[in-house]
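In the two complexes below, chain A is the common chain; its partner is chain B in one and chain C in the other.
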Partner chain A sequence: MGESRLATIWSLAAAVTILTAGCGQGLLGGGQEGGDQGPIALGMLVPQSGSEAAVGPYMRNAAQFAVDEINGKGGVLGRKLELKVADDACDAQTAVAGAGKLVTEGVVVSVGGYCSGATLPTLPVFGKAGIPMIIPAANSQELVDQHLGHVFLINGTGTQQAAAAMAWITKQGATKVALMHDNTSYSKDIAVRTKKLLDEPGGPETAILEAVTPKESDYSANITNVLGAKPDFVYWTGYFQEGGLITRQLRQAGYKDAIMVGDGSVSGKLAEIAGPEAAEGVYATMTQTPETLQGAGNWIEAYTKKFGSPPGPYSNQSYDAVRLAAEALKNAGSTDGTKVIAALEAINGFPMFSGPLKFTADHTLSAGGFQILVIRSGRFVLQDALK
Partner chain B sequence: MSAGARTRGPGTRLGRAVSRLLDSGWAGLTGLAAALLAPFVIATPYALSIMTSAAVFVMLASGLNIVVGFCGLLDLGYVAFFAAGAYTAGVLSTRFGLPLLATVPAVIAVTVVAGVVIGAPTLRLRSDYLAIVTLGFGEIIRITAGNLSVTGGPSGIYGIPGLVDGPVAFYYLTVVVVSLAVAGASRLGRSRLGRAWRFVREDEDAAEAMGVHTYRVKLAAYVAGAVWGGLAGVLFAAQLSAISPGSFTFLRSALVLMAVVLGGMGSTPGVVAGAIVISLLPEVLRDLADYQFFAFGVLLIVVMLVRPQGLWPHRSREAAP
Partner chain C sequence: MSQLIWNGLFVGSFYALVALGYTMVYGVMKLLNFAHGDLYMLGAFTGFAVLGAAGGVPPGMALPALLGVLVVTMAVTGLAGVALERVAYRPLRAAPRLSLLITAVGASFALEYGMRAVAGAEPRVYPVRLGGSAAEVLGARITVQQIALVVVAVLLMTGLNLLVTRTREGRAMRAIALDPRTSALMGINVDAVISRTFFLGSALAGAAGVMAGAYYGKIDFLMGFLIGLKAFTAAVIGGIGNIPGTMLGGLLLGLLESFGTWWLGGQWRDVFAFGVLILFLTVRPTGLLGERVTERV
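Here is the complex of A and B:
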């Protein structure tokens, strides 16, 4: 490598740099783009590809629904809202890149987050940019335990779901409870927290804590294990694919007592997989869904008309996240992150699907709003609101 | 950082011209200069994040290139070493409060041990069998990490401290480390050991007959690849601040292998180019939304059809027909 060649490379490179630095996005370009005019951007990270891609459209459409509704009423702070969606593929690295993309596009509030594992690494990305996050779905305890000022969770947490499960187990008079989870962060969290509650003296006992491997088709080994512990209540905390199979195989193995599933299993698909007979009477712990809400009929109808398909899991939370963001922006009178966070903390009694909202010191819901659903003729209907 | 070797082999005039350009010593330094100057062109958080990811991916690919490209050992579980490095750094820094830099010696030790433990029994196997065992090893590491409490189980480890302050500084650090790693891998490939690797790749029996201790030579390649992967894991942990088993799936092993094959097995500049293409293409196609991975797949097939030998294949005097 000759001296002259090196010099040529560097001078060429320097020339390119000087030419492009004018574009304003480089280190020498200075200054943030975006001003106080134009639409206020809300950012949303949801899975649009990968294993959890199915839930993306439910959340995105519902958020867009809220944005359009608010814009129809004149927007916020005299400006329109705009929703910017990025794919997190339920993968940490994709999520961090997506979060960076949203920050670059100048979003002022993040209203996304479904997979806890993909949401965790995005917290510092938004945090460093001073952007408050209203997380509609991801609810792993790790999100709470970091005590980050800019993170707000509007889905019930694992602790609250475990408490709801415990309340129902006690109410049913069960004595030995088998807990089954699929070893994902979310599922194991609920199972372990429920076990802690069961292990307290008095009341029902834990029969067995069983981990299964997701995406298999035969769970008979796990089920033999579980039934060997002679439970009279089985609580599955994972997702609906395995939940359906486990329900069917439990019934086939002759288990006749109660089965309950967690909120990840609340889908019409569960009954299809399990078969209508096996699924009949299966309980579920679930936050309020559009179907179980009193007086949400108009909302569901309008949503279905707009998008050509009915709302699904986390549609209502995503819709509420956008409305909540708009409310906080309005109260703060500014898009400044610190002021919006203060406004979010000050919110008291904001009407949401999950009930009037007031955040706890941990920035979670003061009440999880979990209730008990039951499958009747292949559909989840309300069994007990646990009020 | 350059292939260095003089062009040989038949081809069209244009092809020869392109090859001459690719094989000249310019490539490496131009690439490095481009990487160092990129933040002056665009330094948004998004751009820095994907450029840093791309650099880490380049390091992974150059490590796997030692194993697959130089030595011809098909490793389908390379991500295991990446995970071992990331988890070692993550556990030591979060549970014992060590600064991330101080975990590097431990990471090297752990990956060397992992390389020997896995390599010693499996490298007696050949071709398909080796591929199957390494595939299994990759899954074992991921599932173990998901079940141990010290690794945080399925939710993994979060709150890993960074190496330096700010994304720009971290990007530059990554580029420097990765450049050294790529240059190091390339030098290794041209050393006496590197020639033994290529010999083993071309014909293991002949190499053995010529006095090359093939088993030891293969183990050296495997361990070197493991250390490269582990160090890339440290950078990965520092960049994301949170790691979980979901980041170390078979898909990532497959993508790294794809970068090596796409770029040109055994060719350092080719592998770097392949890794950059594989890591940046999905981001470039992000706006296609639902068609993103469809387009990604089609483009990869097109590249393989148009340049079956890789984007930037390795040419050596020894290999000329």
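Here is the complex of A and C:
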């Protein structure tokens, strides 16, 4: 009896040791499970189900494209890269679960994040595990305002997008601007920041700030509200499905002046949903897309050949996020989180689609790179680079 | 003002069509069929597939063509509803109510993500659109297509009401709603009647799906979720299990949303609509016309 009790205590003690050892490994930057010889894992949270599922493949394929390219050149630190993808469904709870899964799988850098509302709660998950995050798409100012050392944004921020919107509104000579958002972190952020700029004395004014419920079909009630305020410019800051419906319903309700949408709405689907007539001439504030990139022809061609479909919104940013992660790992000479973060901060002039990269103190791009696109015959083309 | 009323009535007629299926199924089986909204989605996709298979539609023929598609879709979604009942609900009819409820939630997910596996996550756009230019009527902008859709909805609802109140079939449904066991003793084939109830309810949801697809243009695999919730609300407002009450409930919810948006702004719309719902149910827990419990379907 005494002996068996002793055995129990011993096995318990052993279990505790193993457990703490396991935790320690996780805390010290993870990625040690495969030893120093296995592939280096990069984690990517993107929506693969839910309302924003359509954008997942654009980002995942582009990231895989970069991983394959880097592996083709011998990998990083003498090891191959491996992309681990988890679904965030554009939903906070799913995203946190997905982030936890990626952390246990031992990723060393996170290169995902599309919906700001879903990315926000994953920041502490990766942060506690000491994993640096390079966020390719999500760009709510809330991500920046937490001033977390491990978070880097390579898309323009909400503040920068609002400034670009304001510049174009002023340039168009609009006087009363209606702002419409869908109450998500990303969308509301841009709308409220644009309102702040509009509220400054002089120049155009805010006609109305209207929130809609996403995922519905009928926005006629909201549109009656908006048109009641008699705007001559409407700016929608949410995603493309609602954007298409709102554009169509605005036109059906007899609105004839300018409509502009935010970067979450830049998708060919918006024009399809709105219908070619309603969509013609709709403006958008957007960072570089594959279509508007200068000299990206070869890249687009190679991507299309590999995946059987052309790249879409945030393909280029996701591709750059992986390349940037590889560069930082190489410079750090290690997969240790702290060293990689230091390497990311030290990066100066790394070539990306958005231009040479150097992070600001806030870990954002120094210039948002936002430009104005316009829909011509159902496609977003460059209208004004706002240079 | 008239614009607000028209907006509300138009959206409300969609809610009412979908809500009828909820109410009928609840009436005969006391089951909240949470997969009902997804039959609406299935209807939208069926219509999309039929239109795609038929090839192009000449511009002037949009409305007649859509009516044809409507009939085909109603048959397909109706049968899907029957299959759903047969596979997911009938084996559990003697089981506790909670098991049925959970099965319904499961069926809903199965339909949603099954459709995602088949048709993909990208939203689809209907090849035939009901656009049309608007005419001003009493200060509201109304298109011919909107009127056509509301007329179709009203016809379908009236037809259903006649069927339930005037025919043998309807009498059987009402009998089962009152007491399934006694109905069976009286020689009513309970299983067959429940199947037909599912057929009717699902066909109406399918019709609403096609109409929404053709009018709004965008369909996606999650489109049934929110309208399912709204339709459920409409059914509760009207008195769940009561057909005329449910129709009224749908229209009322549409109007509440429309006026809520106007008075308080878009971000307060749902707070307003559902706040009224809570107040209303504290005063009248049976819903608008819910007191006629004896005439449940």
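Convention: the second predicted complex is superposed on the first by the 354 of 387 C-alpha atoms of A that agree within 3 Å, B and C clash if a C-alpha of one lies under 4 Å from a C-alpha of the other, contacts with A are read in each partner's own complex, and residues count from 1 in each chain.
The definition used in the following text is that contacts are C-beta pairs under 8 Å (C-beta built on N, C-alpha and C of every residue); 3 or more make two chains touch, one makes a residue touch a chain.
What you see is a predicted model, and the numbers here were worked out from it, not measured in a lab.
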Partner chain(s) touched by A:Asn183 [first = chain B, second = chain C, both, neither]: both
Dominant contact partner of chain A by residue count, chain C or chain B: B
Chain B versus chain C as contact partner of A:Ser140, first or second or both or neither: first
Partner chain(s) touched by A:Thr224 [first = chain B, second = chain C, both, neither]: second
Chain B versus chain C as contact partner of A:Val125, first or second or both or neither: first
First, second, both or neither for A:Ser49, with chain B first and chain C second: both
Partner chain in contact with A:Glu272 - chain B first, chain C second, else both or neither: second
Contacts of A:Val96 with chain B and chain C, given as first, second, both or neither: first
First, second, both or neither for A:Ser309, with chain B first and chain C second: neither
Where chain A meets both chain C and chain B, residue numbers: 48-49, 183, 211
Chain B residues touching chain A - in the complex, by the definition given at the top: 25-26, 29-30, 33-34, 37, 39-50, 53, 146-147, 153-156, 158-159, 168, 236, 239-244, 246-247, 283, 286, 289-290, 292-293
Contact set on chain A toward chain C in their complex: 48-51, 53-54, 56, 183, 210-213, 215-218, 220-222, 224-225, 241, 244-245, 248, 252-254, 269, 272-273, 275
Chain B partner contacts - residues on chain A that touch it in the complex: 1, 5-6, 9-10, 13, 16-17, 20-21, 23, 25-29, 48-49, 86-87, 90-93, 96-97, 99-105, 116-118, 120-121, 124-125, 129, 140, 142, 146, 183-185, 188-189, 211
Residue ranges of chain C in contact with chain A within the complex: 3-4, 7-8, 10-11, 14, 113, 116, 121-123, 125, 129, 131, 134, 141, 143, 212, 216-218, 220, 222-223, 225-227, 257-258, 261-262, 265-267, 269-270
